[in-house]
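Chain naming follows the written order as A, B, C, D and E, and within any one chain the residues start at number 1.
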Amino acid sequence: MEKMDRRDFLKRVGAGALVTGAGALGSGVMVPTGLWAQAPKIKGPIKVGYQAVLSGTLAGYGEFHKMGAQLAVEEINQKGGIAGVKVEIEFRDSTMKPDDAIKNARYFVDSWGADYLAGVDSSGQALALAPIMDKLDRVLMVTHAATEKLTEEWVFKKGIKQIFRMVNSTYHDSNAAAFIAKDLPALKWATVSPKYEYGFTCWKLFQETLKKLKPGVSFPAESWAPAGTTDFRSHINTIMDANPDGLYSTEWAGELITFLKQAKQAGLFDKVKHVMLPVGAAMDVLEGMGAEMPDNLWISGRYFFLYPNNKDNNDWVARFRKRWNHYPAYVSEAGYSAIYALKAAVEKSGSKETKALIQTLEGMELDTPAGRRLFRKEDHQAMYDVPWGKTKGDPKYPFKIMGESKVIPAKSYFSRPPFEGPGADPPFSS
Amino acid sequence: MLLEVSNIDTYYGTSHVLQGVSLAVEEGEVVALLGRNGVGKTTTLRSIMGLTPPQSGSIKLADREICGQPAYHVARLGVGYMPDDLRIFPDLTTDENLEIARRLSKRTGYWNRERVIELFPKLGDLARARGLNLSGGEKKMLGIGRALMANPRLILLDEPSEGLAPLIVANLIEVLGKIHQQGVTILLADQNLKFCRKACHRGYIIEKGTIQHQGRMEDIWNDEAIIRKYLVV
Amino acid sequence: MGDLILQIRKLTNFFGMVCTAKELDLDIEAGVLTSIIGPNGAGKSTLINLITGNLPVQSGSILFKGREISRLPIHQRVRLGICRSFQIVNIFPELTVLENLLIPTLALSGRTRRFFAKIEGEDRARDQVKNLLEKVGLAGVKDTPANVLSHGDQRLLEVGVALAVEPSLLFLDEPTAGMNPVERVKVLENIRQLSREGQTTFVLVEHDMDIVFSLSERVVVLHRGDILGDGTPEEIKNNVQVREVYLGDSV
Amino acid sequence: MLQSVVQVILAGLSTGMFIWLVASGLTLIFGVLGVLNFAHGSFYMLGAYFCFTVLKYMGANFWLGLILGPLCVCVIGFIVERFFLRYVYHIALPYQLLLTFAFVLIFDNLVKIVWGAGSISPPALAALGGSVDVLGRKFPIYNILIIVVGPLVALALWGMIEKTWWGRIIRASSSDREMASAIGVRVPALFTSVFVFGTWLGALGGGLAVPYVGIMTSGMGETIIIEAFIVAVIGGLGSLKGAFVGALVIGVLTAFGTRFFPTFDMFLTFILMAGILLWRPQGLFGVAR
Amino acid sequence: MKLKSWQMALVVLSLLALVGVGLFSGRFMIYLAMRVMILAIFALGYNLLLGQTGLLSFGHGAFYAAGAYGLGFFGLHLSSHPLLGLLAAVVLAAVLALIIGFFCVRHTEIYFAMLTLAFGMMVFSLLWSAREVTGGDDGLVGIMRDPVSFFGLLEIPIGKDRQYYFLVLAVFVLSAWAVQRIRLSPLGLALSGIRENANRAEFAGLSVKNYRLAVFVISGAFAGLAGGLETLLESNARPFMAHWGHSAEPILVSLLGGLQTFAGPLAGSVIFIAMREMVQRFTENWMLWFGIVLLVIIMGFRGGVVGVFQRLIGQAGGGR
């Protein structure tokens, strides 16, 4: 395995940034420029196969995916497409089942003729797709599934180069949370988390990192809720029996709403002062909880529409709201950016061939609503910063927002891989 | 003619059970359907009731065609039925078994709970006992009582004397007499010739799905050849 | 003749709800065509159910050829040589006549365990079934599904299926019910013939007294779970008690 | 420890009563019609959505929504029974399951089309949103309401079945359809009415579920129907008493399992189910069919 | 039972078509065809239980999963020989079916269905919970298709989908042939007898319980075979395979095609996968339309598609 030290890595990143920067020079972010209009003509439309869950209890996530990706396609086509070629997009229901994910991907590539794949919600689906991606040989831009194994094992170790991930992985949900937690006056942490790999992994990483960052901590209780839990009363009891100072929970979507509502009723937030919800800043949760959302919970997500507070992002949120009458969810941003990543890659490489796209995407920097993303060459993970903050009310919004945001730089908690061995685990003191 | 069954053919699956059965019952008569096991007595009653609709033929109740009508319709026209296995509703108490039959029929008349209990005083003591806890004899009383509660013009009784001790059979004859006095027409199917002789006016003898003989009960009783042929060893 | 093929001792709990439990003793002699008669609810069917295993025996013993069988499952009793036909048609309705008869024939020789052989290749069983078809007179309809046969033919098939396991003791529960006269004669001839051959001891439950008296060598009268009469047809015909039972109790 | 156990029992009771509300309709329908209605979970879901809609658009209060919402679902139940289910009573069980399963697919998607794909999270009820103190820990008033409502529904059902005229006809018809028709019961009409009533029970459960669960989604019926199935099977299919006891057992067992054996709580439910079925195939209070 | 000439022609044509798909079709078609064949193996075996013997199991997903995980474990820890792996899949599934079947076959109808459901879900929750061994909900991932090697003398690569297709086709044809042999064997006849009239079968000298257990194990083995094949195709095994929702698939397929025919599960598998695929192409609310189609089939084509087809042929040919 090729060894690489940090300086090398930074150099490459720097170089990538330079190139990309040059490409974007003098133009508004995301706005197609004339620079690549002269590029050799690409044949036919560029086809994007996008799969997300469109049925069942999580169907709302699929809709948010669609809004983002659809908006990007509309914008791009309105302005003449990618390098003069129209973008076509087709959505398919992934049903959250791995075998359906595989079937969809095969359909997109082998039958419909997709040039680029995006979407995928669950870790199980992403991992099921990983082994066949080299055979399908299309770039798969994962916009939701969070398992670190995808980029760490399949891209980095096994060299399945077709896989990229637009969003944060479990490292953000666990390690970054630990970085926040270490500064909180809480020594005893407990969790109520989903009873599947995502929940298990995040809790394990959170504990490991926090232990290193703050040796005195203990973890007196954990409680696991199977998918589809509608009643968290017993889980809440488990936590309250342990009497912790802090609660960490990777519950998400509807189940997080249910959990928060029931925990509030049970007075959990009166007893436990420090609560961390790594995916609590999702729009469905914030909107769903509305005014009932307790104040002062630490929340984060893959993206939050008020961050970064700059013109690009604010304009995008405005466009999104105008088009869909919704605030963008994090999957919307990921879906949107996934299409723009394709655009950037195609325009830069002048080709829609997978090989060219991979080469271009590796190390590419991309300005997106969530801020500047860097696709790490080694594991194809997009590096970008997502804030943590505490819930608070704001008269401008009918729901609680993230106040007092705190940004942990992605690279400080996101270093493993490619840096294996001693010192690769957080805390990653430089 | 209150009941006129003409030439009905009834099948159970492929089994041609009734082969052109015809019989008639006058208003106010007590008529017996005699025959050994398995000759078609039960099926005849079920066909009249609409539980096993005949494939062809005609059944008229007071000149109204009821062949092929659903059972509940026949019941509401005033036909009471007691099946051979009685089929007392096991989850219902004695009172409820009676009540349900009365309220479902829109007919009014002589018969009500008090009158039935007058007829079978034992049922008064068992008012709150569930059907499944009753003895065979008690069920039989309840079965007859239930059939009466609808104030029917005609009741069909399947094997009323079967399994009853001699003393009770005698009692039953008395009871049927009382019922008859109230103007109820009775068609019963039974194997017990002595019982039928005392309880009925006329009799039909059925064998292998066809009526073989008919006549006044006294005549049948005195016809040794007929008895030997159709009824006894 | 004269060997006891079946000995029933102190069998209880075998008839309907009407009467209290009594104990019953009954012997069946090998080779003697026996009929069991009695009015409804006398306990005839229950008795057969107990002997053949359809109902569990509560107490008492049943010895078949000297062997206690009252706790054995049905199929083991069948393999020992006890079989029965049913009062209501009880065959394999959607299978053809041939298949109906093949099942017991193959089962008897343990060949139904063969899961990869072709049924066409089961020559021995096919020969046996062919004989049987001739015997019961269904050869002409052998490929007809059983449920489209006439009722009489279904009854014939019912008897045929029971015979196919080559029982040494066979209970026939109203074998001629629902048959037309021609079929009836055919069945009765068969029974008489087979009984004479002596491999099978027949026990008949019948209501048709013509049949009972013309066929049986011994008649047992059951009434409320009790044996009311037992003897030759002539003896039974002249038994006053029996007559009473059929015409109704002393009213 | 005592505090913990009491809390777990309370949580188990409220879970159990919840499942009971859904299982009661399922059991009633099976007991009388002999049909395993897989779409019962859909009625639960539709109940939730209709209650919510009544609440939202008619400006009605929660109780009125709880009355009107399920009534709307009854209309759907009527259509399902009268025009579809009625024709499969006499055919084999798998077809019945398949038919009701088809309705699950249809209703789930119709809800998605009509109300949108995302979860809907209605605001908490002002009056019942609070909590009371039980051994030093808060317990929601609404859960207490459910713990009370569950037995009340059981009592009402029991009273209806045992004491009313309609209940008598139901009992008579469920044990002997043919005899019931022979004394004048219009059995098909009765079945329709029972099905519609069962639908109403399921929809009522759905309406009550929303403040309890906090959200509703287009697939919300699928989890609950499995739990209701398990409960109905353990208790004995068709036995309301069994469903009630089964719901309590499963509710409390799940609560204890979650609290004390977190790894195998799912496993426990099914091992209990298998154990009971092996010991008594007809379920705790079922009658062998 | 002799094949009629049109049936023979249909078989030959289907085989030719299948080979043609493998040789000339696009990759997606090949993939779909493999899914259809794997589902068909599952359903054909299952239908020995449901159609032939009349037992409704809601737990055959457990045996499918046993095959999938069996092949997965075998491949990851012992040998990555695909045929040995498939053998391991079948053996593990059959053993599991023997154990579960032992408890279940004494009951029938709805009780049998519910018991098998409970056992199947137990397997599901074990697969889900025993993360260290099974990988939890992520399942076993990355099971590769090594070449089929015959003692090192001959190696047939199956890495590419088109190559693997012919292995699946071969297994499928063998399975279909085997199932048909079983259907037409003395055992098959005995099973039909048990379905038609268990009491009479008992009086024909059959130990009904043992025969039920035997067919339970046989159908479980076919489920395991299908599970193993799918694991090789998708290179993963996942707990959902044991879920009742997956157990319901062969039921659905058999009912769609027709319960009491050999071709029923085959036709059902084609319809199930092809219809879903087609509906999915024109609407995202595919479940709605799928539900409506199901409704129409149940209300209108009760004997399944094959049953209706046969009736048409029968009418055209003038009776049976």
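By definition in this document, contacts are C-beta pairs under 8 Å (C-beta built on N, C-alpha and C of every residue); 3 or more make two chains touch, one makes a residue touch a chain.
All values derive from a computational prediction rather than experimental measurement.
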Both-way neighbours, i.e. chains that touch chain D and touch chain B: none
Interface with more contacting C-beta pairs, comparing A-E to A-D: A-D
Chain whose mean Cα position lies farthest from chain D: C
Maximum centroid distance from chain B, chain identifier (CA atoms): A
Interchain centroid distance [CA atoms averaged], chain A/chain D, Å: 38
Euclidean distance of C-alpha centroids - chain A vs chain C, Å: 77
Chain D and chain E: spacing of chain centres that average the CA atoms, whole Å: 33
For chain A, residues contacting two or more additional chains: 54-55
Chain E residues counted as touching two or more neighbouring chains: 128, 287
Multi-partner residues of chain D (at least 2 other chains): 108-109, 112, 263, 266
Interchain pairs in contact, sorted by label: A-D, A-E, B-C, B-D, C-E, D-E
Contacting residues of chain E [partner chain D, same complex]: 50, 56, 103, 107, 109-111, 113-115, 118-119, 121-122, 125-126, 128-129, 244, 248, 251-252, 255, 285, 287-288, 290-292, 294-295, 298-299, 302
Chain D residues touching chain B - in the complex, by the definition given at the top: 165, 168-169, 171-172, 174-176, 178-187
Residue ranges of chain B in contact with chain D within the complex: 49, 51, 70-72, 75-76, 80-81, 83, 87, 89-92, 96, 99-101, 103-105, 146, 150
Complex contact set, residues of chain C against chain B: 16-18, 37, 39-41, 87, 89, 147-151, 154, 174, 177-178, 207-209, 212-213, 236-237, 242-243, 246-251
Chain C-touching residues of chain E, taken from the complex the two chains share: 178, 181-182, 184-190, 192-193, 196-197, 199-208, 211, 214, 218, 260
